[in-house]
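We call the chains A, B and C, going by the order they appear; numbering starts again at 1 in every chain.
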Amino acid sequence: MHARHIRKERLIGWMFASCGTLSICVTLGIIAVLFWETIHFFHVVPLNEFLFGTKWTPLFSEKKFGILPLIAGTLLIASIAMIFALPLGLLIAIFLREYAPPRLRRLLKPVLEILAGIPTIVYGYFALLTVTPVLQKIIPSLAGFNALSPGIVMSIMILPLMISLSEDAIHAVPEHLRAAAYALGSTRLQVIFRVVLPSAMSGIVSACILSVSRAIGETMLVTVAAGMRPTFTMNPLVPVQTITAYIVQVSLGDTPTGTLEYSSIFAVAFVLFVGTFVLNIIAQKLRHSFRFSYA
Amino acid sequence: MHKFADRMFITLSLAALMFTLLMLFALLVDVFVDGVTRLNGQFLTSFPSRKPEEAGILAALVGSVSLITLTAAIAVPLGVGSAVYLEQYAKRSRFNALMDINIGTLAGVPSIIYGLLGLALFVRVLALDRSLISGALTLSLLILPIIIIASREAIRVVPTSLQDGAFAIGATRSQVIRRIVFPLALPGILTGIILALSRAIGETAPLIAIGALTYIAFLPDSLSSPFTAMPIQIFNWVSRPQEAFHANAAAGIILLLAITLLFNAVAICTRNHFYKISAHCS
Amino acid sequence: MTHALEIRNLHIYYNSFHAVKGISITIPTNTITAIIGPSGCGKSSFLRVINRMNDLVPHARILGEVFFRGVNIYDPSVCEIDLRRRMGMVFQKPNPFPFSIFDNVAFGLRIQNRRDKVFLQERVEESLRRCALWDEVRDRLHQSAYELSGGQQQRLCIARALAVYPDVLLLDEPCASLDPKATKRIEELLQKLKEEITIVIVTHNMQQARRISDYAAFFHSGELVEWGTSAEIFDYPKKQLTQEYTQGLFG
C-alpha cells in the first residue's frame, strides 16, 4: 500500500511539475530565439547604426538599418492613443467606482469585458475604412494611411484595459480613508481628488504603463491603417511604420532564413520585447506596492 | 455650490462614457451595414477568389475551427496542469514569486513576438512548416499565460478547510485535487479557458509571422496541411484596394465578432454562476 | 490500561518559531482526553501532529516521537496517508464537502476504492446512526450537505470521519461555532463514541472539558504544564498556573 501510493503520487507530481515549468521554458525560448537571430543581424549591421540611424530601408537596394523611424512611428501612435485613453479611462473609472449606481456598474462591467475581446483586426478595419475617411473630411491634408486614425481607434481599443485596471486601483483604496475625509467636511470631489486618487496613484500609473505596453505591441491595427512607410517624424498626418508593422510586412513576403531581412525582424522584435518587458515589470512592481500598502 | 461641482463632474464622466460607447456603436453599425448584404450562403460556402462577389470564407472558417480545437487540446491540459502545480505542489515561496513575475510578463509579451517564436521554433527548427499544427502550437503558447492565471485564481479560492477535510480522512494529494479542487475550481477554470480561446480566435499577427497563407482553395485535412484563418482572410480583404473586397471583410468581421462575442458571453455567464456557488460554499 | 498514543519529547517549529516545546504525554485507549490552554499555546499544532496533518504546512519541523500502537508514526517507513485513514479529524468550523450528504459520508470509503453500492449504503447509514443524524437526514441523503444546520453539519463531519472505522478521533474545538443545544448533542455523541474509539479533543471551553473528558492536559506557551485525570486537573491541580486557568483567571 505504502509504496504504491508513493509511486503513483510521485508520478502525478512529476506530470504537474513538467507543466509547471513549461512557462519558464517559453520565456527562455523567446529570449533565446530573439537573441540568436539578433546576433546574426549584428554581425552585419553595426549596433551604432541600428540604434541611432534615422533611415530604415531594408527592402530597398541600398539597405539602411536605423531603427529610429520605427520607434518614432510606434511611440507616435501609442502617444496619440494615450492622449485620448488616459483622461477618458480615468474619468470613466472614477465615475464607475465613485458615482455610478451599482446596477449601472454591473451592467457596464461585462460590456467593457466584451469590448476587450474584440479582435484587433476589426479595429484595423474601423481605422482604415471608417475613421480615416471621416477625419479626411475634417483635415483635408490627411493622408489615406496616417498615424492619427489608428491612434484614435487604438485609444478605444485600450480603454477597457485602462478602465478596469484603474477601477481596481480605486477600489483598493480602503473605505476608512474616505470616511475620514468626509468626516473632516470634504465634498465628494475633494475626497476623490485629494484622498482617493493620490492613494490609488501607484495603481493608476501601473494601469497607464500596461496600457502603453499594450499599445506598443499592437500589430494588426497599425499594419492595416498606418501605412508601411518608415518615416522619422512626429507628424500624425502622414504614413508611418511601427516595429510590429515592419515584422508583418517582412513576414508577408517569403523571406528565406539567413537573409538580413529575416534577421532584422528578430532584431527589431528584440527591441520591442525589451521595451514591453521593462514596462510590464515596472507595472507589476507598482501594482504589488498598491496591493500591499494597505494591508 | 458643492453640489454644482459634483454635478458637473458627473455630467462630464457620463459624456465621456457615452462618447466612447456611441463611437463604438457607430463603428459596429458601420461594419454591419457594409457587410450584412454579403453574409449569405454563397459567402459561407465558397473559397477565396479574385472576383470579390465569388469569394467566400469557407477555408478560413474551417481553418479557424480546426486551429482553435487543436489549440484547446494542447493549451488546456498544459495550462491547467501548470496552475495545479503552482497552487498545489510548489510551496517554495521564492519559486512561486519568480513564476508570478514570469507569467505576468509572458501575458504582456506582444502577440507578434509569439509569432516569431513559433516561426523559429516550430516552422524552422522542428520543421513543421507553415502547417495547422505550427499555428496551433504558436497560439497555445500565446494563450498559456491567460489559462494559467485564470486557473490559478480559480484554484486559489477553493477553501483550504475542504482540502484539509479530505486530507484528514486519508486522501492523497492527487485525490484531493481530483475530487475536491477540480470540481470546485472548474467553473472558474472554464471561464478562463473560454476567454483565452476567444482571444486565440481573433489573433492575426502571430499566424502571419509563422507564414499562414492568405489564399487557400481547399480545406485543411491533416495536422501538416497549410491553412488560413478568419482574421487572416479579413486582413487580406481589408488590405486590397477594391471596395468590393471591403464588403467581404465586413461580412467576415460580422461572423468573427459573432463568434468571439458568443464565447465572451458564455464565459461571463459561467463566471456569474460560479460566484453564486462559491458564495454558497464559504 | 493500554495506551493508544504515546508522545515523547515532541517539539514543533514553524520556521524559527518554537510552537511546541518538548511535550511527553500518553493517551489511554477508549477514553476522552481534553487538551486545554489559552490560544497560541500549541494545542492545535499538537493535534495536527498526531495524524501528520502538519506535513502539509510548509516550513513546519517536527522533532520527537509519536507512537501509535507501538509504531513511531514519524518513522520513514510509515505512510501518512494510511495513518490518516486510521484517524478521524473534525475541525473547528464544520467543513462538509459541497456534495450530497451521502457522498460526504462515503468520501473516505470511495478514496480507498470501495465502490460496492450496497456496502457504501450500509456503512453510510451506520455512520449516520452512530452520530444520531440518520433520522434527521434519511429522506434527503442526496441533497446538498449545505442545507443542514451548523450543528448537523458538524455531526455530518463526525459521521464522515467514522465511516472508515478510525481508531482515534481528533477534534479541534468542534463546538466553537455551535450554539449550546447543538454543542450538547455533540458532547452526548462523544460520550457514546468513546466506548469504541480513543478521542482527543482540543477545547477552549472549560465546562465542556470538565463535562466530557476522562483525562485532561493543560498546555501553556507550547509547554505541557500538567496532565492527569480530569478530576485531578480541574479539582486538585498541582500547579498554580493550572488552577488559575481552570478557574478562568486568564485565558
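One rule holds for everything that comes next: a contact is a pair of C-beta atoms (placed from the backbone, for glycine too) under 8 Å apart; a residue touches a chain by one contact, two chains touch by 3 or more.
Since the structure is predicted, the reported quantities are computational estimates derived from the model, not experimental observations.
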Chain closest to the assembly centre - both centres taken as Cα means: B
B-C or A-C - the one linked by more C-beta pairs in contact: B-C
Chain A and chain B, separation of their C-alpha mean positions in angstrom: 17
Averaged-CA centre spacing for the pair chain C and chain A, given as whole angstrom: 54
Distance between chain centroids, defined by C-alpha means - chain B, chain C (Å): 48
Where chain A touches two or more other chains, by residue: 5
Where chain B touches two or more other chains at once, by residue number: 172
For chain C, residues contacting two or more additional chains: 81-82
Chain A-facing residues of chain B, complex: 2, 5-6, 9-10, 12-14, 16-17, 19-21, 23-24, 27, 30-31, 34, 77-82, 84-86, 88-90, 99, 101-106, 108-117, 119-121, 124, 141, 144-145, 148, 172-174, 195, 198-199, 201-205, 208-211, 231, 234-235, 238-239, 246, 249-250, 253, 256-257, 260-261, 263-265, 268
Interfacial residue positions of chain A with respect to chain C in the complex: 1-2, 5-6
Chain C to chain A touching residues, read off their complex: 77-79, 81-82
Chain C residues within the chain B interface of the complex: 51, 53, 56, 58, 81-89, 91, 93, 95-98, 107-108, 111-112, 146, 157, 160-161, 164
Chain C-facing residues of chain B, complex: 91-93, 159, 161-162, 164-172, 175, 179-180, 183-184, 277, 280-281
